[in-house]
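Below is a structure I'd like to ask you about.
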Amino acid sequence: MFLTLKKGATRSQLDYICKKVRKIGFRAHISRGAKKTVIGVIGENAILARDIFESMEIVEFITPISKPYKLASREFKKENTVININGIKIGEKQIVVMAGPCAVEKKDLLIKIAREIKKAGAKVLRGGAFKPRTSPYSFQGLGEKGLKHLAAAKKMTGLAIITEAMTIDQVKLVEKYSDIIQIGARNIQNFDLLKAVGKSKKPVLLKRGIATTIKEFLMSAEYIMSQGNYKVILCERGIRTFEQSTRFTLDLNAIPVIKKLSHLPIIIDPSHGTGVRDYVAPLSKAAIAAGADGLMIEVHSKPEEALSDGPQSLLPKDFCLLMEELKKVAYAVGREI
Amino acid sequence: MFLTLKKGATRSQLDYICKKVRKIGFRAHISRGAKKTVIGVIGENAILARDIFESMEIVEFITPISKPYKLASREFKKENTVININGIKIGEKQIVVMAGPCAVEKKDLLIKIAREIKKAGAKVLRGGAFKPRTSPYSFQGLGEKGLKHLAAAKKMTGLAIITEAMTIDQVKLVEKYSDIIQIGARNIQNFDLLKAVGKSKKPVLLKRGIATTIKEFLMSAEYIMSQGNYKVILCERGIRTFEQSTRFTLDLNAIPVIKKLSHLPIIIDPSHGTGVRDYVAPLSKAAIAAGADGLMIEVHSKPEEALSDGPQSLLPKDFCLLMEELKKVAYAVGREI
Amino acid sequence: MFLTLKKGATRSQLDYICKKVRKIGFRAHISRGAKKTVIGVIGENAILARDIFESMEIVEFITPISKPYKLASREFKKENTVININGIKIGEKQIVVMAGPCAVEKKDLLIKIAREIKKAGAKVLRGGAFKPRTSPYSFQGLGEKGLKHLAAAKKMTGLAIITEAMTIDQVKLVEKYSDIIQIGARNIQNFDLLKAVGKSKKPVLLKRGIATTIKEFLMSAEYIMSQGNYKVILCERGIRTFEQSTRFTLDLNAIPVIKKLSHLPIIIDPSHGTGVRDYVAPLSKAAIAAGADGLMIEVHSKPEEALSDGPQSLLPKDFCLLMEELKKVAYAVGREI
Amino acid sequence: MFLTLKKGATRSQLDYICKKVRKIGFRAHISRGAKKTVIGVIGENAILARDIFESMEIVEFITPISKPYKLASREFKKENTVININGIKIGEKQIVVMAGPCAVEKKDLLIKIAREIKKAGAKVLRGGAFKPRTSPYSFQGLGEKGLKHLAAAKKMTGLAIITEAMTIDQVKLVEKYSDIIQIGARNIQNFDLLKAVGKSKKPVLLKRGIATTIKEFLMSAEYIMSQGNYKVILCERGIRTFEQSTRFTLDLNAIPVIKKLSHLPIIIDPSHGTGVRDYVAPLSKAAIAAGADGLMIEVHSKPEEALSDGPQSLLPKDFCLLMEELKKVAYAVGREI
């Protein structure tokens, strides 16, 4: 249930309501829009407490919510959520490009790549220190050593850092080094991990699972938000279909659908989505044209030597060319890079 | 098997080879590129006749083809195929927009819509006279009367016409009135119908089936081309996946994949692909950014009264606004509308 | 709308109502059950004529039907439909096995296979004279010559015949030779073809398309039934999913779902469904255990020489062993072969 | 790489080889078959050490393994794996039925259900103490209290217990109370959790993810086995497809496919697979007919009061009837319950 307050509600009125909400066993989530303040009363059967709030003078109206995701919904928050990472704003006019190698490997190489993507206009460096691999016999990532390489690259370039936490244990560690915590597609319904990052202060980039409906995707975001962390960035990275000419089917339909249902920013990962280098550029342009708030692109100086996902990585020089083209498309749809 | 001829091959040399090909039981298809002429020798086990051609002075080299589609492949023809319809060129710099109602209904309404889409910049009027409907109790189209309405609209506006032929019988009729023959998604593997339009002189727009792989899509194009009609326009209109928030999942990955594998033009139908009016604009822009050669968009003045697919039709005024936005995106990727 | 008549309704009362139905522009379909007679009043907005029938003494009650398939639904007909083909009953206690080669090739070989499957207990000989092939360069079937081979095999063995009609033109020809007309998966929404076989007196076996929902499957059956041919046998033959270890995913869930929604018999084709010989036996047993009314199995004496789908065909001796095993499973679930 | 030893290899010869394997940086896994002993040499590029073992007298031959799953493959172990749980053998002639409520709720109710399923012939009691729920606002399970209820039910009935561990933390706890550790479909690629249960001495039931290919499924089993726990039971519980008339599409094709590729036992969960009570019985019979080694079925005395998945639970009396029918089907395929 959402309580929309009358204009001019004071801080103490707000506090009074929130206390009341908690007293009767629910959680209160506040959304302060430009015009209205909305309080989400969250918990099973919250609607049964409707009477209590209906009688309050300052409550303008009450909205029962049938959608299973509440805090992630446009009903709860009309305005787009903007997430600020050291001055980089995700969800506003600027399209934020995150780039880097699939896995963090050698430190020097990482710094070299970081410098090149920064020069090309990327704002965030991506790279996995912990790698989820389908086979137990594949390279599993450098662990904390990889995180330190990322921190070094950040220091040298000023880029923000994003890297994945695969387990609850890793959350603390990733939080320490990274500006954004990535939750991978395989963990989209690892609910305890979602709750754990829900308690973090750091923004979370949540990747859609390969068989996750958009409704379920928003419910996984809700898990994070229900713990108080509202800084969730959604990321589409390909769904599994019958078509085998690309590794996955990058679902760009998700962009307008999510924009309609939710206020959270959405970014696109065409590298994992297609698994083919040649398709990254056209689908990156398409993503921006469709309204994405950002891109996540794999870049590697020596794709043929990469320990993970080489065939889909762009060379720095190709990434640089792509960024120039993306700027034009962004401009054409009223955005910028 | 493809025979690539040496530069300067004469007409009579070409004829000689083609005669030879037919004499030994195969079909000869000629692709004259800017630099090279390639002869496709088509038929089962054509490669066994390799020796015969290898000894010919004018044959530069022979390429065995393992792909099941041959005439539709980039190997057969390096340059993009450009299809000329009364001066409208599909497959070149210009992006061709086809628009109109799902089904042809009243004549006056059709002409009104035709005028509006023409003003907005569309080049081709779409509208179904024969309607494939999942339920036998739904509106099935006006038949030849609908074709006559389309012809009237063409006369009034100068727009080219595209409409669907659902059966072999209808091909003759559609051919008579329409500039492009559309083959619907449900007929993607109606091989006798494909052969029938393969014998037509009119260009064919072939819609991908909802569970058709891109490889199968190109093989269906091959059916048409194998009969001598090389004027095939491919059209992606959504595939069936687990996701239910859109009617189908419009597969924009298909654009770069097809551009890589084939020389045929590819256009996108976001109206049927998503089934939701609000998603048509963002996905139209995305399609152009990804490299599509055209769009097919449903436009209806009174969507609420449409006998078929109203909820996905744009109003003429919204179509007009969209065209303005599309021009900017086209320009950003070096194309024009 | 369905009109359920009171017990003891006479022939002339029935005729009177049917005349009335036609007079006001609808079609009347009669289902005589053991206890009740139901008249389906079919046509768009039939329900608006409710008043006319409500006032009739002999009409016990009226059921508005919201499902898009009406004649195919359990609401229209409570009892299972039983289809009688020269004494072979499909939809009763006996499980009917249809077997034979994918495509009809040599006459002698066909007769040999027919004798062997008959000995093993099959009741119907299958074999394609017209072959829908994904590539235009593959073997396309013998045409009428193939139908004559089938007729010869029927004469020699007494087996009933089933073969596919791919086009409206072929329906007449197939009807002449075959006891059951097969409509292939690719033609599941070839609505004109469905209507054409709906006018035939011969039973129709309708194969589910690879991306056809069960609801759409029943609507395609409805197309046939709406023309007066109620003898429709449904056939599940695999749907397209992400899993690639079988050619398609044979969907045995369809058996109980269809049994719940419809009165029509359902048979299973594990040969096309999996595309792998070794999986035919376990899935045939599973189909019977789940309640299927029959099986369609590919059998070929020399699978390695088959012009179509050799890798999934059973050898006659393996088919014979399988039939012995199937008898036990059938018995275990109260059926027989 | 697999080393197949000559007949009569002694214990000390075996030890010598295993020491050698570890010394050069790989892991040794031993499979003692009835006739041959095979040593799996596991690790990236193990094949490069081929020369070392080829020169050993006792090594009969060496098999390089290209499949990404090695220990789970039929190549590694010809004989079916049989897992013994307090005398209940999974993977042999007997089909093991696991039954119980989706979530553990009240203790008395659980014991009542346990007694009823035991009487009907079930061998294992299932019930979730930790519940993965798509919405953060749904019932999340009783936690350790639920485990204690399961232990009480075990004490009263002698049934073995299976329950899910959702996180690494829970593994220790679940291990303490449960005879089998269940890994849920959502955790199929939670690789750290797989490794954690790979170090347990308890058997693990691994549920296939809704978009997991069979190859990936076996690789997830490999993660567990690579840590030394070979007691892995595979469980198919429905995949996500376009069909929406069942909650998932139960994939019975997986049974023969897995039997061909792997030696591990496979059981089927038709309750979660279909999500519809009426479909559980026919698909249970089908699973047994197709060769499944067991079933997992939801049973609840008051499905309408269940806090989770009530609509798919059988009543104890219906479960009892089903077990009688299953016995007949099992007998028909040479198995028993």
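A, B, C and D label the chains in the order they appear, each numbered from 1.
Methods note: contacts are C-beta pairs under 8 Å (C-beta built on N, C-alpha and C of every residue); 3 or more make two chains touch, one makes a residue touch a chain.
Everything numeric here is computed off the predicted structure, so don't read it as measured data.
Shared residue numbers account for over half of those found at the interface formed by chain C and chain D, and the copies are therefore classed as meeting with the same residues. Taking each chain's centre as the average of its CA atoms, chain B and chain D sit 49 Å apart.
Separating the centre of chain A from that of chain D, both taken as means of CA atoms, is a distance of 34 Å. Among the residues of chain D, those in touch with two or more other chains are 211, 240-242, 244. Chain contacts here are complete: no pair of chains fails to touch.
Here chain A touches chain B in the complex through residues 211, 213-215, 239, 241-246, 249-253, 255-257, 259-260, 273-274, 278-279, 282-283, 285-291, 325, 328-329, 331-333, going by the rule given at the top. On chain A, the positions that touch chain D within their shared complex are 42-44, 68-69, 132-138, 166-169, 186-187, 189-192, 195, 209-211, 216, 219, 222-223, 226, 240. Remark: chain B residues 240-242, 244 touch chain D in the complex.
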